[in-house]
Each structure stands twice: as structure tokens, then as C-alpha cells.
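When the chains are written out, they are named A, B, C, D, E and F in that same order, and each has its own residue count from 1.
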Amino acid sequence: MRGVCVKDMTWKEAEARMKEARAVILPLGSTEQHGYHMTVDTDNIVATHVAKLLAERTDCVVLPTLPYGQVWSAKDFPATISLREKTYIELIKDIVISLEKKCCRNVILFSGHWGNVAPCKIAARELLDECGYENVYYFSYMDLKKNGEGIMETELWNGSGFHAAEIETSILLHIHPEGVNMEKAVCDYPPIPSDADIRPIPWIKFAESGIFGDATKATAEKGKQFLDNWMNQMCALITENIRYR
Amino acid sequence: MRGVCVKDMTWKEAEARMKEARAVILPLGSTEQHGYHMTVDTDNIVATHVAKLLAERTDCVVLPTLPYGQVWSAKDFPATISLREKTYIELIKDIVISLEKKCCRNVILFSGHWGNVAPCKIAARELLDECGYENVYYFSYMDLKKNGEGIMETELWNGSGFHAAEIETSILLHIHPEGVNMEKAVCDYPPIPSDADIRPIPWIKFAESGIFGDATKATAEKGKQFLDNWMNQMCALITENIRYR
Amino acid sequence: MRGVCVKDMTWKEAEARMKEARAVILPLGSTEQHGYHMTVDTDNIVATHVAKLLAERTDCVVLPTLPYGQVWSAKDFPATISLREKTYIELIKDIVISLEKKCCRNVILFSGHWGNVAPCKIAARELLDECGYENVYYFSYMDLKKNGEGIMETELWNGSGFHAAEIETSILLHIHPEGVNMEKAVCDYPPIPSDADIRPIPWIKFAESGIFGDATKATAEKGKQFLDNWMNQMCALITENIRYR
Amino acid sequence: MRGVCVKDMTWKEAEARMKEARAVILPLGSTEQHGYHMTVDTDNIVATHVAKLLAERTDCVVLPTLPYGQVWSAKDFPATISLREKTYIELIKDIVISLEKKCCRNVILFSGHWGNVAPCKIAARELLDECGYENVYYFSYMDLKKNGEGIMETELWNGSGFHAAEIETSILLHIHPEGVNMEKAVCDYPPIPSDADIRPIPWIKFAESGIFGDATKATAEKGKQFLDNWMNQMCALITENIRYR
Amino acid sequence: MRGVCVKDMTWKEAEARMKEARAVILPLGSTEQHGYHMTVDTDNIVATHVAKLLAERTDCVVLPTLPYGQVWSAKDFPATISLREKTYIELIKDIVISLEKKCCRNVILFSGHWGNVAPCKIAARELLDECGYENVYYFSYMDLKKNGEGIMETELWNGSGFHAAEIETSILLHIHPEGVNMEKAVCDYPPIPSDADIRPIPWIKFAESGIFGDATKATAEKGKQFLDNWMNQMCALITENIRYR
Amino acid sequence: MRGVCVKDMTWKEAEARMKEARAVILPLGSTEQHGYHMTVDTDNIVATHVAKLLAERTDCVVLPTLPYGQVWSAKDFPATISLREKTYIELIKDIVISLEKKCCRNVILFSGHWGNVAPCKIAARELLDECGYENVYYFSYMDLKKNGEGIMETELWNGSGFHAAEIETSILLHIHPEGVNMEKAVCDYPPIPSDADIRPIPWIKFAESGIFGDATKATAEKGKQFLDNWMNQMCALITENIRYR
């Protein structure tokens, strides 16, 4: 066995490993602007790295990362690519159905990009309703305030926004420092449009750098601590809820 | 500028680079069985590597590789994931539309997996009919016999099949030897079903190893030579036909 | 003019009124279980009543209430009817397109049922992307904790659940007391499944009464106060953001 | 039990009542112009009222009225809202499927708007073909000439048109007089376009008031008599054909 | 020029002819049971023959006949093939769009099968709404009672049914006698199910021969007379309403 | 029994014949330009004729020919009609499903037009995946070089193109000489666009006559010989692979 990554296995190796593993993890990223200081690959890096950690700690295997997602809000920034909600839902369903047909009945959708979460939930519901698949799980960033307590020093934008800001940048500095150029990191809290929560507004309309918060406060150490908290939370949920079958 | 890979750029860097480049290349792979001796990531490795070479030689930029494709024939092998034709078509269209909206009007779909080609052609036709996008190109393995002349020693299966056999294995040995275990390479010409060309037959019905040919004859040198011929052909086509705009 | 309700107008009256009004409000309800003490019409009653109040205070007109919605979570309870996400999205889009074609370019989707909000957002995004309609707004229950401060005495279920509990019951007692039978009101905090936030779980699997909280603490006075706060918040948002056109 | 209207029941009450009832009736209306003298809610008023009468006389229960329908012909009149044929079909199917899943296997689609009938028939056929649901029935205005014999004094427009004219106005005067302003009632037989039956022609192209006939001849008494005949016919059909199950 | 049939022309001939013709006629048939005495090709024979007559008399050209239609009612009879409503609608739309793109802006859908008419109307409406095509016309059997006055001796089944009975058989005897075997013609008025008009009932449930009426009374002379009346009516409508453009 | 053509049978005759036959053949044609010398009906003539020969030699029955197909490449020529890929796929599926429901579980899609083949394969795959139909076969022009060896004198265009050229014209001269006007036959090898194989290019962009090869070399004798070879190949495949059931 060559480890947890399906991509490094032959089909024979993967067959054996998938049968004994707890679940298969599908890392979901995106190709999306992440400010002046991080690459458009940021979500893919996080999805890939965290999914692998999860797999190692909970006896799962991990699939190749899907690097295109639902990125409606940032879609008008250069080099940002967005799939329509309905395309993304069908895509996720096809992959899960392909897996289920080969009897690995626990599938974890791990998203390193927040915009993927809503269509993942719809996909999981439809897989349950249409195919009877009960064991499709979704994870992404969770409980930022709790997991960042004592770590994060800056405010979330509009109460919940964190795109390319302190947290994400810190994680990148920890897991993939070559993807960050701190000299270009800025603090940018775009003015909150008064209609931000009552109609669809593409970010390009009011954002400048593409950051929503303060990236200058990021450190690798913060990233490590936050990731630890987050990992502990997710691993506990997985081991408690996802049974071998 | 950090090179040809969009994934290594910030949106600002990508914006500048995409404006001056000849075209954007989308590498299309798959997660598919490749015999006992190569990983299920083989098509992604080829797509990523060749797309990058193409970009370097023809002044293009390359996007992250899409690692899931239309893999109908092999879909019943373990660790092989297949998207429905219609899902794949919509997926490709969404990505191209996202790019076109940001004015990079030349898009090259480069597929390291043969099954992706047919839906790519349909997607390109629909993008032309529905959106007026004239400049969507598709490339994949071309003219195997001509490009492999004097290099390949073994026969194609049923006149055209080469999956995981001499050619693909040689390329992998050349560009990513750690993805090949030649000790497990076999020569496997599955019996050709008499109805192979007149109805849909999943490979699992008659294939054993998943190889269609003789992988034992593969060498890195053959891979290098074949790739040179193939690259020359594709680069000539690109520089002749795809104008800056 | 017979007031704010389009349903009470002839087309001539409605034509005149819609031209001068700030916006058209579409009240979105559902037919859904609301515990032992409230009818399945609860969301429709709230949607209709609140939309009318909004219209009166912000110079809008209000359409007939759509009494079927996306009710996935409660869908397995008797007399609960749920539309598929994609059907609901198309339905909302068709209604808005029908309105837009007749030049009332501000449309407010007001939902008295939480499950409608996600598909409303998708519909609004697609209306923007596909039709260029910029002025589709969505409102529903907002900021429960803030608007209920000093009023609500009981906890939200799992941090955010309030279905058929103190708040909703109080509002009903205030606006439509004949729709509540307080003798049947119960306090029911169903055990929170440990996987409640990581996969789709129909309520029928773990809920008993269909209430998520304490309905016994509801009073008409609380309903009045909460509604006042909520109305003030929404009216401010509307008058600030939705311009006459 | 609070009567025949599901909307006035809790889910527990509805559960008991739906189990013992003969069928569930879904009233289908529309928001559509009805001349200068009746409101755009006319079809909803008729659908709601008649469905309730039917339920009382045949031991059925009645759901909330769906106030948006397929209104292609009148779609260009102000305050008239039309759903696309395909949206309406999916909508009806979703509601029926939701009901069928909870074992009330007789469903009556009662339409107070003629344009809904064609998509209802398609929906019923598809429910039979795709889901095996055999017991979906559709009713609407039937046999106008026979049911109106000795009552109606004016001609149908183009042999079958009756929109907002003598019959409908009379029914409204009988069941909901506050929805009619007889001072604005007119006699309007729009010129019949010679191509009226051979291609799609929106009414706005040749109609003025939106009435197709003579509304001035309407009386409440006529409405009562027509409704009696129509009710008798429908009740006989229901009791003869729809068995308890 | 080789006449009115596009199928007998080269593209050059067709181009010239389509430019000067009044309209293009698309004959719509079906493959459907027509009793013991007529072939399943009956609707195609009628569609082809009548469309050609129409073309000759009104200066139109006629396309190849589409021999598959929407045949829901008869779909369970052997050798009867039915397309789903939605497939048929898309099919008609694609053909019309293909024609419109080449500037023949008058298109007549002539159906020799009644079941095609409803989806043709929907297709024509959608072509108007989505493409702005104003000039799509539909014709089929019209005013049977009036056109058959003094000719037909037998009753229509259930007031309107005529499938494979006196009229259709007479037309066939007139235009294609080799498609009729009068020795096998029968009189068959299947019992009218009491729920025939209130829910979808496939004919196979209550019909025996597949005939709805009395085929034994058919004669070629009756067919000729009926066809004359019908042709006169249609030609008048075409010449009056469909302008050269 | 009246022979092999379902269209010439009553449903009773067809029922008996379809039960005992090996398979049902669906001939697939198109309405497409075929140069200056052949009619737009050419593919339908070939499909009809060859399907009938096949049926006679392999104990099959043949359905009416579908005269509209996927004709993307030639779609911009006058009198050429093209269905969208997705419409054609659904159409084929509906017809097959209609046949399968009546238990003739072997279906042969015989296409006289090359563009139909790709969507036929997709349809056959989807029928297998979605309906479990294993016995849907597709045939069209096969092995032109081998079957034309010693017969054809001229080159294929761009290695594979033969539209309206020596082969097709010869077949027409043999089976339907009135469909050919050899005086208008030309030799036309349009310049091969250098990007012909790497992006979608409608023929209208570079072709003149619509012929791809040399039609002047066609003779009826060549057509007969080619057809013999082709028929022998197809009949052998059918009798070997398609079992009675």
C-alpha cells in the first residue's frame, strides 16, 4: 500500500484499500482569486492537504482534488472560474454514484471553498432521495470563531467573511508557504454594501484586492493552531458518526 | 511572472499573463484504472505534463487539471470514476464560458484521456452555436501510428486500442517514472468481442488486467521519442492556427 | 385603488398601482407541519401578513402567497409538501420573469419559510446571470437573536433552530390566534444528532412533535414585539436600498 | 376535526383526516386579468370555493390553492403571471409525489383556470408512466353548453371562449360578490383573428378589455344555477369513479 | 424544379424553391395501431399525401414526413411507438429553428395524427417566446362534424373520437387503398369508461380492435368528399393568413 | 404477413412478426445537402434500402425511416436540417424504450448518415445504464477502405471524408438512380483547413458544392459491389451476435 492517496495506487491497490477504509474523501477546491498575496490555487491546496490529514487520522482514502467549484461571488475576478450551481450538483452526484456503484458506501465531501458547501448539501439530499444513498457527508470550514479563539486577532468581515484573510493566509503559511507572498498581503475590509444580505452582489462591485479582512496578521503558527482545532473537531465527528461497513 | 501555470499565480499576475498569452489550456484527465503497473492518476499526469510543455512552447498559460472525465468503457473497474456525457459537456462549457467572459478568447482543451474527446467536441460545437465562441480547440492523442513509427514495437488492440499499453507506459516512464511499477507490467490483449464495434460493452465484461496491449515493451526512451513527435505536431498546429487576439 | 394587495385589484388598477409602487412583493410560504398546536398553514399566514405590512410601510404591492415551498427537512411528516430545489428555482424565476416583462423591475421575495431562502438566492443569481435582472431581493426571518433580545426566553435548538417554537408561535398568537391551540403546545428539544450538520437528515428520524424549542412560552405580546423589531429592520433595508424606477 | 381544509389542521389532524378521506383535492388557480370588473384573483377564488364544495360533498380534503398557473394567452396583460408549461408540469408532479409518498393515493387536480388543464393532463400521464401513480384526476370547467342550458343567455366567443364573461362573472357574483364591480362590466367580443386556431396569438394582440363575451348579463342567480349543475356533474363522477383505498 | 417535395431536390434546387415559396410544410405522422384493417403507417400516409396537396394548392414546399409522434393513448398496442411530450416538443423546435436560420420564416406543421397537435402548440408558443418566431402554424384534422356533414353516417366515439373509423378509413381508401383491408374492418365502439375525461387511461385498458367507431361504413367516395372539404378549409386559411416574406 | 416492413402491417400482423423476428431495425437518415447531383433525401434512401435488405437477410423487421438526424457539419447549407445532439439522443431513447416495453429486446439502429452514429452510441450507453437494455446495436458505413477495395478509384477526403462522393453516389446509382443527376456531378476536394481536426468548423466555411471527393467516378456497378461487401459484413455480424430471444 502506498498510503492514503488513491491517485498513487493502481486499481488493484485501490480496490483493496477502499474496501477496508472507513470512507472515501473527495477534496473539493476551486480556482479563485485570493488577494494580491496568494495564488488562485489556494482552495485546492487547502482541500488537498486537509483531506489527506483527515484520511490519515480517520483511516480513509482520498481522491484527486476537484479544482473547479461554485464561485459565484468572486466569478468576475480574473483567473476565477465558476461552475453553475446545477452543473456542480450533477458533477458531485456523478462522482458519488460512480463510487457507490463500487460499494464504498461512505463518501466524505471535503470542501476547501465555502461556495461549494450549499450545492454539496443539495447533492447529498438528492443522492438520498433519488438513489437512497444515506452516507454522503460534507465538511468545510467550521465554527471559525470557536476554532480560532485565542488565535485570530482580527474581525470577520460582515460577521462571517474570511476570504483570503488572516485565517486562510495563516493556514497557507503553515502548509504551503511558497503559495504566499506576505509582502503583498494587505488589510482590506471592503465597505459592506447595505444590501449585501438581501440580493446577489458580485464582489467585483465593491471589493478591491479580493481580500475580506486583514491578511497582514497571518502567521504560520496561527495556521498550525487553527488547523489543529479544526482537525480535532472534524476527526471526532468522523470517528463518532461514520461507521465501517 | 511565475511561469505558465495559472495555479501558481495571483489573480493580478494571471490577469496580466492571460492577456498577453496566445491561449489558455485546460488539461483534462480522468481517474481511471491503468492496469496493474500504473496508478489511476496516469491520465492526469499526462494531461498536466503535456499541457505544460505545450504552454511553454506556444506561449500559452495552463489551468489546473480536471481529474475526472468521461470514462464509460472502464467505469466498472475499482477506483475508476466516470461522469455522464451530459454532465461532462456542461462542465466543460461552464469553464470555457467563465474564461470567455474575461476575454481570453482562445481556449485549448487538452485531454490526456481519450474518452473525453467526444464530449469536448460536442461542448465546443454548442459553445459555438449557443454563445458564438469560435475559438475553442481540442487536442488529445493524435495519429498514434504516425507519431509512433519506428518507436512502437507492438500492435494496437483491435486496430486502435492502446490503453495502459506500450505507448502510455513509455510516456509515464519518461515523465513520471515513480508512477510505474514495471514488475507488474503485463502483455494483455483481451479477446476482441465480435460485437465490440456494434454495441456498448463495458471493458469489465472481457478484460482482465485493464491493459489493452503490451506494457512490458515500454521504455522511457520510447516515451521521450513519441512525446517529441506528438509535441511537434501539436505545436505546429497551435502556432499555425491560433492567433493572438 | 383597493389597497396594497394585487389580488384585490383588476388588471387596470394593478397596472396603475404597480407602475407607481416601489416594488412588488411575492410572499413565499409552505404547507408544512408546525407541531401539535399550529396548522400546516402557519408559514403562509406569516408570509401573507408580514408581506402586507411591508407593502403598507414601504409603498409596495403584494402578490398572492405561494403556499408550496422547499421543505426538505420536514418532508416526511404528514400533510407536509415539498418541492424539489430545482423545481422551486424555476418556479420563482418564471414568476419574476413574468413580472419583469411588464416593467416592474423591483421584486422582493419574502419568505415565511426558512427552507425557501437558499433556492431564492440561487434563483436571484440566475436571474441576474441569465436575464440581467439586478433588482431581485430576498427577505425572511433575520437576526433572530438580535430581534428577539429581551423578548425571547428560550434557547434556539442547536444554536439556530426555531421551527414552531417560541418565536413562530408568538407571532401566530399575535397575528392569527385562531391558528394556534396553546393547550397542545409543548416544549420539545429533540436530541441533536451528532451528525446533524454533516449530512442530510430528515427530521422524521429524530423529531417527535415537529417543534424545535419551547412553544409553551409563547405569548401574543412577544409576537408583537418581535414583529416590530423585524419589521423595522426590513423596512429600513428596503427604503434605503430599493429605489423607485 | 376542523373541517375539510388541510390548511386549518395540524399535521396530526391532517394525518387522521387524510387517511379516512376519499381523496385530496389540489385547487389550481392563476393570477390573471379578468376584465375591468373582476380582480386578477378570480380563478383562485373559484378554485378555492368549488374545491371546498367538492370536498364537502364527496368526503375529500382540500389543500391550499396554488395561485400561479399556465396563463400563456393572457400573459402580456399587466398583473398577469404565467409559468412555463414545463415548470408547471414539474410543480404539479412534485406536489403529487409528495402526497403519494404519504399514502394518500387519490389526488384530484381541480383547476379554476382553463390553461392549467393541458399541463395537468401531461403531469398526470407522466406520474402514471414514471411513478406508476394511477389515481391522479383532473377537473375544471366542463360542458359549458350543457351545464349552462337555460341559464346562459349569451354566446361563447369563437365557439368556446368564456373568459371573464357571463358565466365566470355570474359565479363570482354568487360566491364572492365583493370581487366584482358590475358597473365596469362590459360586453366585449373581440374580433376573431382568422388565424386564431392555427398559430399562437397572445390575446394582447387583438383584445381590449380582456373579456371574451358579455359580462353585463351576469347575475348571482345564474351563477348559483350553473354551479349547481357543474357540482352535480363533478360529484357524480367522483363518487362513481374514485374509490376509497 | 422537380415539384413541391424538398426530398426530391438538391440543395441548390431547394434553396431556390424555398426562397420563392409561401411556406415550408413539415408533415407529422406517427407509427400507431389503426385497427385490424389499416397499417400502422396510416398517419404517415395521410400526413404525406395531404401536405403535398396543400403545398400544390398554396405554393408551399413540403419536407420529409416525421413518422414518429406523441401517441400516448395508444402507446401500449404492439408496433405503436410513442415519444415523450417533452422530446417531441424539442424535436419540433429543432427542426423549425434549423429552417428559420436559413430564412424561410413561414413554417406549417401539418399533423396527420391528433396526439401531435398539443405538443405542436406548445412548441410554437416556445418558439415565439424564446426565439421570436412568429410564423409557425399548425394544422390537423379540423371541424370533423362540419367537414363531414352529409358524408359521414356514423357517430363519433364519446363525441369526438374517430381513430381508425369511418373518416380515416375513407380517406385511406381514397388516397392509398392498398393500405386498407376492408374485410378486416369492424365496427367497434369501445365502452366509454366513466372516468375517460378525468384521468389518463391508456386505450389498451378498454379497447379491443383499436378502432373507435365504425370502419365498415367507409368508402373511397366519402374519403374524397371529406378531403375536399377539409382541403378547401385549410387552403383558405393558408392563403388568407400566411403572407409571402 | 406482408414482408419485413412494419409500416405495411397492421398491429396484429406486426405483433406476430415482431415476436418471431430476430430484431427490429430502425433506419436513421437525415435531410442533408448531397452536392449538386443528389437530393437532400439521399441518406434516407440509403437507410431505408439497406435496412430492408438487412431485414430480409437476417430475419428482422424494419421500422419507418427517421428522416431527420444530427447534421452539425452541414447544417448551414440550404434545405439541411439538424437536430441538437441532446434532442437526437432523447429521440432515439424514446423510440427504443417504446419498443422494449413491448418485449422486442433486440433493436438495431441502422444509420445511413454518419453524424448520427456518435449520438446513437451515447443513446445505447444510456439505455444500458439507465434502463438495463443490453441489446441495442448500431450500424452505419463501416470499413470503407476494406469494403471498397478494388472498387473505389478515388481518395477519401482528409483520409476519411466521403460525403456525396464516389461511394455514396455509386450506391444511389445502384439502388435509386432517379435520385442522381450525373450531369451535375463534380469532383470537389475542398481545401483541408489546417484546423479541421482541432475545432468545430461548419462545412459552409470552406466547402463549395457540398461534395467531399469525386462524384464523377461513380457507377451503379461500383455501388452494387460495395453494397455487397458491406451487406456481407453486417449480416455476418448480426447473425453471429444477435440471438433470438
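As a convention for this text, a residue touches a chain if its C-beta (ideal position, glycine included) is under 8 Å from a C-beta of that chain, and two chains touch if they have at least 3 such contacts.
Because the structure is a prediction, the values reported are computed rather than measured.
Of all chains in the assembly, those touching chain B and also chain E are F. Of all residue numbers seen at the chain E-chain F contact, over half occur in both copies; the interface is built from largely matching residues. The geometric centre of chain B is 57 Å away from that of chain D, both derived from CA atoms. Put simply, the C-alpha centre of chain C and that of chain D have 27 angstrom between them.
Work out the mean CA point of chain B and of chain C, and you get 49 Å between them. Counting partner chains per residue, chain C shows two or more touched chains at residues 86. Taken chain by chain, the contacts form a single closed ring in which each chain touches exactly two others. Beginning with chain B and heading toward chain F, the contact ring passes through the chains as B, F, E, D, C, A. Within the complex formed with chain E, the chain D residues making contact are 72, 84-86, 118, 121-122, 124-126, 128, 135-139, 142, 194-195, 197-200, 237, 240-241.
Interface residues of chain F, counted against chain E in their complex, comprise 6-12, 14-15, 18, 31, 33-41, 44, 63-68, 75-84, 86-87, 90-91, 94-95, 98-99, 101-102, 179, 181, 184, 210.
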